[in-house]
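Structures are listed in the sections that come next.
Next come two complexes built around chain A: one with chain B, the other with chain C.
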Partner chain A sequence: MATEFPLPPVLTYYPSSSSTPPSLITQGAEGRLYKSTHLASSRPCALKYRPPKPYRHPILDARLTKARIQAEAKVLDRCCREGVPVPAVYAMDAAAGWMMLEWIEGQPVRAGINVWLGARPETDEAIDAANDAHQTPLINLMERIGTVVGALHLTGIIHGDLTTSNMMLQPWKTTHTSQQQTNGEEAAAKEAAVQGDVVLIDFGLATTSSSDEDRAVDLYVLERAFASTHPRAEKLFEHVLEAYGKTFKKAPSVLVKLADVRMRGRKRSMLG
Partner chain B sequence: MALEKLTIDNTPSNQNIYLALFRDVDADTTQALQKQLLARNPAFEYAFIDASSIISRVHLLSAIYNALNAVATNTLQTPNVHSEIVLSLSPSNNIADAYRRWGFAAGKTTDLIVVKVVFHDNEQTEEQVWAHLKEHIPTGTVVDPITDEEIAKSTDWSKVRKYYKLNGVPALDRIKDDAEKKREMERLAVMGMALRGL
Partner chain C sequence: MAAPIPKNKRRRIALGCEGSANKLGIGVIAHDAVTGEPTVLSNVRHTFVSPPGTGFLPKDTAAHHRSFFVRVAKQALADAGISISEIDCICYTRGPGMGGPLTSVAIGARTLSLLWGNIPLVGVNHCVGHIEMGRAITGAQNPVVLYVSGGNTQVIAYAEQRYRIFGEALDIAVGNCLDRFARTLEISNDPAPGYNIEQLARRGQTLLDLPYAVKGMDCSFSGILTRADELAAQMKKELSQGKETFTPADLCFTLQETVFAMLVEITERAMAHVGSNQVLIVGGVGCNERLQEMMCAMAAERGGSVYATDERFCIDNGIMIAHAGLLAYETGFQTPLDESTCTQRFRTDEVFVKWRN
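Moving on, here comes the complex of A and B:
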């Protein structure tokens, strides 16, 4: 059971305050994610904790944990300064293995897309160009994803694990309604599911690179992840690439490279 | 009494944290305070902060939180929690620089923020802390309550921009709305503090 893990020491000072107790959100291969608060209950935060690994030599373990948290924090700092939508770092203690991040409201893009697709009447039908017209809100979301990934790549950062689960849809403060006015509550709820600002999360595998190759592989990972998570919307992925292509000068050459990567897969040939 | 007792989430409960803000403190007072600090008089263990380099409560409390965490993990880089609060406001590990920028300057600083952490093994009461402060800062106007608006009245934005390296940052330059820009500066400053020295 997830709840049986002991809390990281930084969260054990509760109940010194009247705040809500921390709760475990998810567990990954390397770390755990808790929801807690920074300073006061009005500032919810996500605490990413990398517990010590008993199977590693303690000195090596401490060094790896520290380096990885610092690397992730640096990437987030760079993104924030460049205006790429990512959570801010509120506090961290790399030696103790934790990082406190801004809490992003909303749901993952994956969930939003699934709500949208699930509400479609002919459930087994793949979406093709013919009924694109009904897909405007989803297509708009695809374009926002492409733009955000483009902005990220422009700063010289490669995410390393782009999936629709590693993107959040932060609700807009004012609700936008699309030009094709939907009628009925169900349709409105469906449309709301794909609205919001795309915020990239989980930079645990991020690296810095400005090469077409690395950028193309990053897009390829997203393309594959998208196709397996949302097979019915696979055809709409082209809108992500189209928007990406407009974000920076070298983006079109990344898309050319992407064609090569598709031919051979994620791993580069060991020759040459 | 105008001493505010702070509560900060996820900090140990064996301490009380007090906050005060004095406006228009005269040069004689800051010079006298500096003498006490240079003499390392233990009775004057406070974090004295120049309010002009502080953005908001969140900004200030983040530094206190980080300093308390250093106490809890026994990783203080300065002699005590009060000097650590001043260091925690800095995005770099240069301690002298942090004292110069966020600590007060004798004869120059007029708006002074005071933070006092009293651990429970210490007998000092809130009344005693306040009486001691009032005695040694006789000239300033006491600000109460210490709201974001009150803190913002003292903020010198050109200093903040310089200290947190916020000039020419794309994320700020694209924001037109002034209030939103200040929120983003607070966000980046807190982040700079969290990543101190990286």
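Moving on, here comes the complex of A and C:
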């Protein structure tokens, strides 16, 4: 897959890429992500490239690509200044459709949660008791997600596409183990999968807003994405909201609005 | 659990009745008792078409379904060449859809059931009907499904016994947006407003500026319709002053390019999210060749493939209800007569998909 596409022009002339050949990491819905280096070969970076979409009318495509790169860079810059954990922007060319970002180590939250859930013996059962003691590491992760989303919203930014694929788990320098060592290697690996700092990525659909409505819709997108990606852990989502509610003054009113959003229109059956 | 198969019975047969919108469709399907292989025996449809500039109202549509039910049912039976005693179950659309038309068809289905000696009834979710029929016809194994019609816009993926909705329209459905714009331009509703917009759009050349409203995996169409209506009004005004900066064809072209780009985009997001490279397009708007073409361009780039059906199965029909109903019936599901209601709101993810694993 990594050799299927021609490299975006920037990676064929960007001087720092000569020391480390760029590699295609993933083809997301929005574009392709390459790993390369910036300025020094010891400084890894992510190059986000939005190729022209062959299905889209060229005028519409150019308009959307430029606007989205610009908006994304702006939002990331603002998050960085406000201390929200996101990758820093190193360089960009909006019209050419690329942006060079800080490289975030680790795996997506989605993968971490799946490792955690997959390792559970009772695979067919939904996690029921929200305060299930065995779930503590996952619950802690959920709380960290809530806190980070809260910090994002406090800066007046709406992510627009919150999913567990759009959050990275940046490994801690030292591992925190809450369980006894007797649990063995498998349990430790399982626990490590849900450890790390949550870093938000992919701000391609981010907007600026401080309204309860927009914040609530942002949470709702995450809630539904979570329920469809991790149906068995659906019940644990309340921990995200709980932690979110403690992050800033207006957060509780966002949660009230979220209840409205859930009930609204065609989103929901009107029965029962 | 499953209904016992008599030794001499090689196939199961279901009759499906659909009428959630302006199409009344009745069809007969057979499943091989051993392999489950579906065979379409008949697929009859009669559409209520309203005059240009108007939409189909629930009351008139219900009256249409009532007056044509017997005719369409007789035709479906005759085409299938089966006797009534061979029918295992009668399937009908439980929802979602327009109340009046749904009720009319549910009454028709109940009547047939009682008339023919208490043949079991099976209430079917309309959206699940589309998905199952699309899978059966195209052979797509586990695709991301884009369900686009006059009443529904959903991006669906199967996970753990449910068709889960990843993205959907936040306000009006994409087909409703197109249908209503056809009314603004007073384009004919025969055979379908969307079809005529598609034909007109082929002649469009100028891409105008319309809002582009994707929110995560959801999208919104009402603002786009409002803007398109404004542009249409501007066009009429200019025309009366003898000017022409853009034509109805340009408007249709722009509208299609914009809303379909949105649909393809959210489908691509869902594919990337679930890691699938198959797309199945179902629903009336799924017949649109421009949408199919755009979807193919997207899928080709991802190394995937698009599965689409033609108007016989894309547009609402009885056969899809029969097929999905029979799948449920084979797992032991039945709808008792006194519970054979219908409902305007019935979400795709409410259905427990017992027949898949």
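Observations
Just so it is clear, the second predicted complex is superposed on the first by the 234 of 272 C-alpha atoms of A that agree within 3 Å, B and C clash if a C-alpha of one lies under 4 Å from a C-alpha of the other, contacts with A are read in each partner's own complex, and residues count from 1 in each chain.
Just so it is clear, contacts are C-beta pairs under 8 Å (C-beta built on N, C-alpha and C of every residue); 3 or more make two chains touch, one makes a residue touch a chain.
Remember, predicted model here, so these are calculated numbers, not experimental data.
When both complexes are overlaid on chain A, the residue A:53 reaches chain C alone and has no touch with chain B. Shared-chain residue A:77: touches chain B; no touch with chain C. Shared-chain residue A:162: touches chain C; no touch with chain B. Of the two partner chains, neither chain B nor chain C is touched by A:253.
Applying the stated contact rule after C-alpha superposition, one finds that A:211 touches neither chain B nor chain C.
Of the two partner chains, chain C is the only one that A:228 touches; chain B does not reach it. Of the two partner chains, chain B is the only one that A:90 touches; chain C does not reach it.
Across the complex, chain C meets chain A through its residues 157, 159-160, 162, 164-166, 168-171, 207, 212, 214-218, 257-258, 261, 264-265, 268-273, 293-295, 297-298, 300-303, 343, 345-347, 350. Taken together, the chain A residues at the contact with chain C in this complex read 1, 4, 27-30, 53-57, 59-60, 64, 160-163, 165, 205, 217, 221, 224-225, 227-229, 231-232, 265-271. Within the complex formed with chain A, the residues of chain B that make contact are 7-13, 58, 61-62, 65-66, 69, 72-73, 75, 169-171, 174, 187-188, 190-192, 194-195, 198. Those residues of chain A that touch chain B in the shared complex are 9-11, 13-19, 36-41, 43, 70, 73-74, 76-77, 80-83, 88-93, 95-96, 100, 102.
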